[in-house]
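Report on one structure; see the data block that follows.
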Amino acid sequence: MTVGLVFDLLLAGTLLWSAWRTLAAPTPERAVILFIVFGLLMALAWARLSAPDIALAEAAIGAGLTGALLLDALGTLRRRAGGGP
Amino acid sequence: MSTGMLFALVGALLFTMGAAGVALPGAPLRRIVAFNVMGSGALLVLVGLAQRGGGVDPVPQAMVLTGIVVAVAATALALALARRLGAPGARAASGDDD
Amino acid sequence: MTPNEALPLAVLASSLLPGLLIFALPEERVGLRTTLNLLGAVAKVVLIAALLAGVAAGEEYGFRYRVLPGLDLVFRADALALLFVSLSALLWFFTTLYAIGYLESGPHRSRFFGFFSLCVTSTMGIAMAGNLFTFFVFYELLTLSTFPLVAHRGTPQAMRGATVYLAYTLLGGTVLLTGIVWLHSLAGHTDFAQGGFLGVLAAHHDATLRIIFVLLIAGVGVKAALVPLHGWLPQAMVAPAPVSALLHAVAVVKAGAFGVVRIVYEVYGVEFAQALGLLLPLAVIAAITIVWGSLRALFQDDLKKRLAFSTVSQVAYIVLGVALFGPVGTIGGLVHLVHQGIMKITLFFCAGNYAETLGIHKVSQMDGAGRRMPLTSLAFTVAALGMMGAPFTAGAVSKAWLADGARTAGMDWAVWVLSVSSLLNAAYFLPIAWRSWMRPGPRVWPQEHIAARGWRETPWLLLLPPLVTALATLLFGVFAHAAWSPLSWAQLIAQREYVP
Amino acid sequence: MRRGAVGVAALLFAGVLIGALLGLPAPGAGLPPLVTAQMGNSGVTHPVTAVLLNFRGYDTLLEVAVLLVALLGLLAVQRSERAVAPGAAVEPVLQTLARRAAPLMVVVGVYLLWAGASRPGGAFQAAAVLAAGAVLAHLARLLPAWSAPRAWLRTGITGGFLVFLAVAVALLGGGALLQYPPAHAGLLILLIEAGLTVSLALLLAGLFLFLSEEGTRR
Amino acid sequence: MTDPLPWLVVLPLAWASVAFLLGPGRGAVLAAFGVALQCALAFELAARVQAAGALRYAVGGWGSPLGIDWYVDGLAVLMLGLTQVVALPLLLYARSYFGHAGAAGRYFWPLAGFLIGGMNALFVSADLFNLYVTLEIVGLAAVGLVAAGGGAAQLAAALRYLFATLLGSGAFLLGVALIYGACGTVSIELLGPLLAGEAPRAVYVAVVLMSVGLFLKTALFPFHYWLPPAHGGAAVPVSALLSALVIKASFYLLLRLWLDIFAPLVQPLAWLPAVLGSAAILWGSWQAVRAEHLKLLVAWSTVAQIGYLFLAFPLLATQAAALDAVVFQTVSHALAKAAMFAATGVVIHVTGNDTVAGVAGVAQRLPLTLFAFALAGVTLMGLPPSGGFLAKWLLIDAALAEGAWPLVLVVLLGGLLAAWYVFRVLRQAFLLAPPTEVAVRAPRLMEWSALLLAAASVALGVRGIELARLIAPVGAS
């Protein structure tokens, strides 16, 4: 068993675990935070697949921009739910 | 098992989980997150499977770049809809066509 | 395109084009609309006269247009087609005159006359269809173009009648379509041929062909109002009188009866149909329809309803004639196609006159109508006598040939059916005549809409058409053997159908 | 009920899918040899960029269209009367950080754009970094949310796409759509990428800034 | 003249971008000119395909498998022509419509341009991944159009539609990934021989995934759940575009794949679409019969009419008429449904009432529009003479030749149900209504574009032989 494979297996496990936690998260806030973590793990996975271009894009777009969009939406929706009629 | 195959399998599972999350009723925000998980899974299968022999294949990598951008576009549109839907004024929004 | 190809199309166009133009006319252009209507009607009569002369001389008129590979629109103006075409064209002319008078100040006349013209165009298409595909196209077109006419008044009753009509005819169309497509997939084409085109199929198809026959006859039987598919006809009498004339004499039921003729003679071929054992059941159904329609007519107080059930009975005469194997029965059936049309349209014109002029809708209100409206009542009486088969009327000719046909075909029971029917006819028509001539009328007609002016008991546009058709009833009866009579033409057709 | 059904279906599907993946035979050579063989004609030296902007450049063209469509959809559902107002104060640390980071991100973006020709990077990554910079600036209240696409913004957003289209059409004269002559391929790709970087940055930032209600008031 | 093919893809994308550049609500004239030009281009292309057979075009000059290919056969050019021909009157209609409806039309023109461009790109593409991208353009543009300027119900419908379309394209994408992994290419041309032999199991999974994804996008029963609210709730020109064309795009792709590369794999499954299609016809028609709202009635009718497209699938392998039937149904439904939505829009605009009951008296007030509605109805019922009738005839003919009686019965029953819901509206329209005080005039442009489309759907029943020639295999006719 090489070090690379062990790392891959660990990464795969973490990836699945974070995805599961994301989807099963009790609150939207946790889901979004966990999704950002998931996105960063995806970037790692891309790097392991020798795809640095995708890793970059995933980190910037998949985790970064999507995460920001989700967070912002979350903030708005929560503010509405709190202060709305 | 090669790295490619391993991540292809992970991708398959991610797709399944995400698709189930989209198909199930729930808050729009969660379904949007689930859609992103699903998309990531499909893209992972694309590259992982192509590279299961160990080499590097730039063609699916380029496709995945396209896929990521498409996913963020769809996410933004979905969020725009979800936010307007959640807006207090949505039920009596002006500018209706009916 | 040769003249012989163009002529059938011109017959179609002579009502289609005016119809389309009329749709576009604003409501108040009465003069132009009337001109267009009459121009079309006259042009059609002239064109048909040319066709008649040609066909009698042995010319062939036809046109074929490819819709899809293996699917053609075919028009053929043969002797049989012309029988129906000339009947419809002549009656259309008079119905148009009548409708102009009848609807003088009513609403939506552009719409009415537009669909009216479409309706006649469809009838022409049905008559001249050269294959079942073409027949079906126009058969459904007829359904669609009559719906707005039946619904014309826009009242809830009118809508109910129109809906019932539609439900029956669309169901019938669906059944007919099934049969036609099935036949098409078996035989590869549906072109009519003298003596039929199915005799050449292998014997193992016989069972299938019997099923298809049932489908086809059920399909056209709806419009022909064969029992038990006749339920729409009495309901549709809510339509304005010219529309009733159209339904009962010019177009709809005639299209159904004509369909039976085409299917038996030119799809199956009368010999082949006889060999398959299909004619006897058809004759039985016709007989049941004849008796049932007459019986029901007996108990209707509503004048138009009584006439409607009478139509159910009379149209079945045509079917009976077709089902009697042998040329004599054929001639009887075919000639009745024309005679029934002329007599029945007279009756509906008259019923319309009674309703328009005096507000009479029921038989029980007829007392004294003869004295107030002698000309209308005269026409009515002549036509009613014709329906009973009284001597010197067209009806007598039909019934005589039908009875002869029944005897030559060895179906003596059909003679009894005809006799019973004649008695029943008398039983429901004579009281009407009796009441109108013999019973005293009220001093003041409670619902009089139109006052009499001198001898004109009602506007001449309403009076002329029934008088002319009543006269025709007598002429066709007295001069049945003249060269121009429907009887002679029917003999010509029968000769062509039976001599291979 | 429905949850359970979907769960069972998902398990079944996952099983079938994994079985199918494991049952795949060893892969053939695939496309990499072809890519390698044609790299010399692609005008760039980084294979992914060669695929993205040359071999399958048409995909990329349509992908930009997808982004435009998403932005249009987003604008179409926005209320037209969105007033942008300065929001509440924000911690000065974030502002300082943003002030420092913004120029750095511009530099990184330009670098990524230029690097794309020969190594990982390119228009999309560059644009993503620039857009991220804009988002950061917005969160630090240095950049207000966008209310409506003004003319300059519309020009910027569509400019890159139109340049791409124009190049694609111009190349029709010499051959097929988007058929770069090998001699000029590098230059044309750089031109397209430069245009795309600006437009994509604005588009990606727009997806955030048009939506954001941070600092907006109804 | 230069090759019309690339222009058909480039032109709509270009005018859509320029329309956006011009600003909100602008670009109507540009769009009309653009689509008119595209019509001419599509006809030119059809003439070329007719003369020389199917065309192959290597975008970027590389050719498959490295590059992306376009492939234009009779079917593709037919869809191209249909899309431009239906879009042109609808855009004219929309110009008048959004003149009244204000805010909803702000981004209509650029979105419609991208929608049409995406569909054109879809029709010609012969590359599975590229097809995925075109599907996304079409899907997102359609969602954007549905949502534009709407209230809560409309937004909810749009969101539901978005999730459906994303799920569909996600499944498609995974299928593409599996096929690339198994075969090493996404070029349809090269996949043909690869899939003809013994295919690995992953390919079967891919076929199922892509088919289900496309079923979902085409709204085949039971994946139709998103369609009625989306098509019933959108602005009228949008409903018309979506019902007439957008679902046909994904259907076209499905047909294309099933006829071509999937053919050896899906043979045992061919009855499945027919069963679902039958259910769609019966359920959709029944819902249309029961619908209270006019637009919802028309939308449910779309659910039903889609079903006919799938009925022919088990017959495609053996009966040449089956493909003709599909093509006639596609074209005539597109024309008729566009006309019907357009007419409905006029009725709602004038009466201010969108229920079936509110149609009373329309026969007097809007004869032209009602006529358009009725003509479109004739096509939907499959009565002669209309394109829908020919489709029905061909379908029954093919089914009878195979002895597939259940299909025949479904077709006939569907026709009767269609008559039921169409005449429900027509008979209501013929009822006399009390005269209204406020007279809203019907915009001429809207009335006439509805009539034009409806007349075209009927005329197809008389002059449809060109369509049959276009899709006939080379040398067959």
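To keep things simple, chains are lettered A, B, C, D and E as they appear, and every chain counts its residues starting from 1.
Note that in this section contacts are C-beta pairs under 8 Å (C-beta built on N, C-alpha and C of every residue); 3 or more make two chains touch, one makes a residue touch a chain.
From a predicted model like this one, the values you see are computed outputs, not experimental measurements.
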| item | value |
| --- | --- |
| Chain of greatest Cα-centre distance to subunit A | C |
| Chain occupying the middle, per Cα centroid | E |
| Centroid comparison with subunit E (C-alpha atoms), farthest chain | C |
| Subunit A and subunit C: spacing of chain centres that average the CA atoms, whole Å | 78 |
| Where subunit A and subunit B are represented by their mean Cα positions, the distance between them in whole Å | 12 |
| Centroid distance [mean C-alpha coordinates] between subunit E and subunit A, Å | 37 |
| Between subunit D and subunit A, distance of the C-alpha-averaged centres to the nearest whole Å | 19 |
| Residue list for subunit E, restricted to those that touch at least two other chains | 103, 129, 133, 136, 140, 143-144, 147, 149-150, 155, 158, 178, 181-182, 184 |
| Residues of subunit A whose C-beta touches two or more other chains | 51, 53, 57, 61, 65, 69, 73, 76 |
| Residue numbers of subunit C (touch at least two other chains) | none |
| Touch relationships between chains, expressed as pairs | A-B, A-D, B-D, B-E, C-E, D-E |
| Subunit C contact footprint on subunit E (complex, rising order) | 324, 363-364, 367, 371, 378, 381, 383-385, 389-390, 392-394, 396-397, 400-401, 408, 412, 415-416, 419, 423, 426-427, 430-432, 461-462, 464-465, 468, 477 |
| Interfacial residue positions of subunit B with respect to subunit E in the complex | 8, 11, 15, 18-19, 22-23, 28, 31, 35, 38-39, 41-43, 45-46, 48-50, 52, 60, 63, 66-67, 70, 73-74, 77-78, 81-82, 84-85, 90-98 |
| List of subunit B residues in touch with subunit A within their complex | 1, 3-4, 6-7, 9-10, 13-14, 17-18, 20-21, 27, 29-30, 32-34, 36-37, 40, 44, 47-48, 51, 56, 61, 64-65, 68-69, 71-72, 75-76, 79, 82-83, 86-88 |
| For the subunit A and subunit D complex, residues of the former touching the latter | 51-53, 56-57, 60-61, 64-65, 68-69, 72-73, 75-76 |
| Sites on subunit E touched by subunit B in the complex | 101-104, 129, 133, 136, 140, 143-144, 147, 149-152, 154-156, 158-159, 162-163, 166-167, 170-171, 173-174, 176-178, 180-182, 184, 235-236, 348, 354 |
